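Letters A, B, C, D, E and F mark the chains as written, and numbering starts fresh at 1 in each.
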Amino acid sequence: MSQIEAFNTYRSRMNDRILGSDSKIIKRMYNLDTNTYKAGALDVKTKELLGLVASMVLRCDDCIKYHILSAHEAGASEAELIETFEVASLVGGTIVIPHMRRAFEFMDEVLEK
Amino acid sequence: MSQIEAFNTYRSRMNDRILGSDSKIIKRMYNLDTNTYKAGALDVKTKELLGLVASMVLRCDDCIKYHILSAHEAGASEAELIETFEVASLVGGTIVIPHMRRAFEFMDEVLEK
Amino acid sequence: MSQIEAFNTYRSRMNDRILGSDSKIIKRMYNLDTNTYKAGALDVKTKELLGLVASMVLRCDDCIKYHILSAHEAGASEAELIETFEVASLVGGTIVIPHMRRAFEFMDEVLEK
Amino acid sequence: MSQIEAFNTYRSRMNDRILGSDSKIIKRMYNLDTNTYKAGALDVKTKELLGLVASMVLRCDDCIKYHILSAHEAGASEAELIETFEVASLVGGTIVIPHMRRAFEFMDEVLEK
Amino acid sequence: MSQIEAFNTYRSRMNDRILGSDSKIIKRMYNLDTNTYKAGALDVKTKELLGLVASMVLRCDDCIKYHILSAHEAGASEAELIETFEVASLVGGTIVIPHMRRAFEFMDEVLEK
Amino acid sequence: MSQIEAFNTYRSRMNDRILGSDSKIIKRMYNLDTNTYKAGALDVKTKELLGLVASMVLRCDDCIKYHILSAHEAGASEAELIETFEVASLVGGTIVIPHMRRAFEFMDEVLEK
């Protein structure tokens, strides 16, 4: 199974479990999550890159994967993704580098390189 | 091997290794850890939920597993665990969500759902 | 001006400014914040202590002040607040101690000690 | 003295002190910092917003001020800044809100509102 | 009042308050803190520099001040302190820089430059 | 495959990929990384222990592995590594303990215990 498939399968299965619980709070948080990345003064691609850089400096591998996928779907190029990685590793320091290695690997699968 | 077993086995093996070293500092830290969660003005269940929410916002999967197990042993219900997850994901943001997915999965094993 | 007054005045003024902007996302986040701490399987006091310990390990002084005030209003005693500080400084380490100093000072003002 | 002036004055004075020391490492880090935000595949405004959202989720008030100033100079509008705040508070959670209050206050001074 | 005086006065006053409470957990944590920095396989100066770099990447200004004072007392030179700052800003990224500005300012007072 | 081999193989492969991209920023960051740990006022062993403790409190397992390897090559003994773990777990709290478990396991492989 590819990394993309593995990521999406687990994410779907557990989101179903979570949204199937009684928690209105978590449902509303998921909803807010969807709405925050909709086009406004900033377009979707820019917002997804904002989500990506935030995920990288907070060093959350699953969040990084999610935003690489969404930014790519919103039209972000390899060069734009890499410049986002640059800002993340500058602001967050070398502690971000192991996450950047995994981000490059996942990006290459997304871009079918 | 179940997730609970895998978690407990590795944890026990490495704790033996660590406590078998000469480090008095680490031994005392382990000791302090045990004492902090004993009943006082707050009962054990509440203290374990405090440990759980702290582990979630700091995004430490092993710590989350540990406190799910201990909170369950101290009598925390599924609804109480989920409300603790709610506070964690509100305070800590969507960056906590991937950890919450794994927390739900582990909780379901603990609750034998 | 007391610390409590200074905290409440600035918080009110800026919340008015923020909620007066066009951001539906932020309004909904504030709303979600309010709802998360309502009584459910866990009572309000416990939820406020969860918010407090999360704020302490994430080392956010304003959040700590807010949850000391709310936990106190919800009936948390000095002993319960201090046990929450204990969990925070154990889980979060000595890096939490400077925040705990300010938390004690603010708590004493809240308790009029 | 305005907040902008106070920020710039202290920043300049201490940067002079730091760059006046013998540290080649720090000089090169400052240099890298400047180069990372230059236009490439992404324009300067987008890069500054990336720097801003990263600073907000890492909760560094001085970094937030710096990127509000630079994003504004690069043409970011109030609406674009606020949408960046939205992403930050969603990803980073309510722990970001006290920093967002100060960010709004500083932004208003920058926009002379 | 100098920064050193202000730091020491507040720290002493609040430590007295905290240690005057009933919390055995916090007393033992303070004790552990003292013991961890005693000479062992590593000398005191090295341990204080370890405490300093940890405080810088976790971005705790009060902790940074404390370890600058203690490292200086243990014989750390200006060059050694600055090289510790270098490691911190590399590992922790540009987000550390505002804290490094305040660290230089405090160090200069300690070194009476 | 041993943990050391697995770590080195993946790290080399992805570093080749990253340095083979057009990013001058990342190349310069890698370069800065190398230069920061060269002997200066502090020797290489001390600098590697600084990198290790910073990696532990920031809880980056790959960074911890890297610095255990480099500190060992620079002559750090088991006792010195363990005292560095002590400072990390004191400053960073019990949240560091799961990472310390993995650090002990990796150290034992490095020391061929």
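Of note:
One rule holds for everything that comes next: a residue touches a chain if its C-beta (ideal position, glycine included) is under 8 Å from a C-beta of that chain, and two chains touch if they have at least 3 such contacts.
These figures come from a predicted structure and were not determined experimentally.
In terms of the stated touch criterion, the partners common to subunit B and subunit F are A, C, D, E, listed by label. Both subunit A and subunit B derive from one sequence, and where they touch, under half of the residue numbers involved are common to the two copies. Chain centres here are Cα means. That of subunit D falls 26 Å from that of subunit E. Taking each chain's centre as the average of its CA atoms, subunit A and subunit D sit 23 Å apart.
Centroids built from CA atoms put subunit E at 36 Å from subunit A.
Residues of subunit D in contact with at least two other chains: 25, 29, 32-33, 36, 54-55, 57-58, 63, 79, 82-83, 86, 89-92, 94-95. Taken as a graph of touching chains, this assembly is complete, with every chain in contact with every other. The part of subunit A that touches subunit D in the complex is made up of residues 32-33, 36-37, 40-42, 46-47, 49-51, 53-58, 63, 77, 79-80, 82-84, 86-88, 90-92.
Residues 59, 79, 82-83, 85-86, 89-90, 94-95, 97-98, 100-102, 104-105, 108 of subunit F are the ones touching subunit B in the complex.
By the touch criterion given at the top, residues 24-25, 28-29, 32, 35-36 of subunit D touch subunit F in their complex. On the subunit B side of its complex with subunit D, the touching residues are 57, 89-96. Against subunit A, the residues of subunit F that register as touching in their complex are 10-11, 14-15, 17-18, 21-23, 25-26, 29, 33, 54-55, 58, 60-63.
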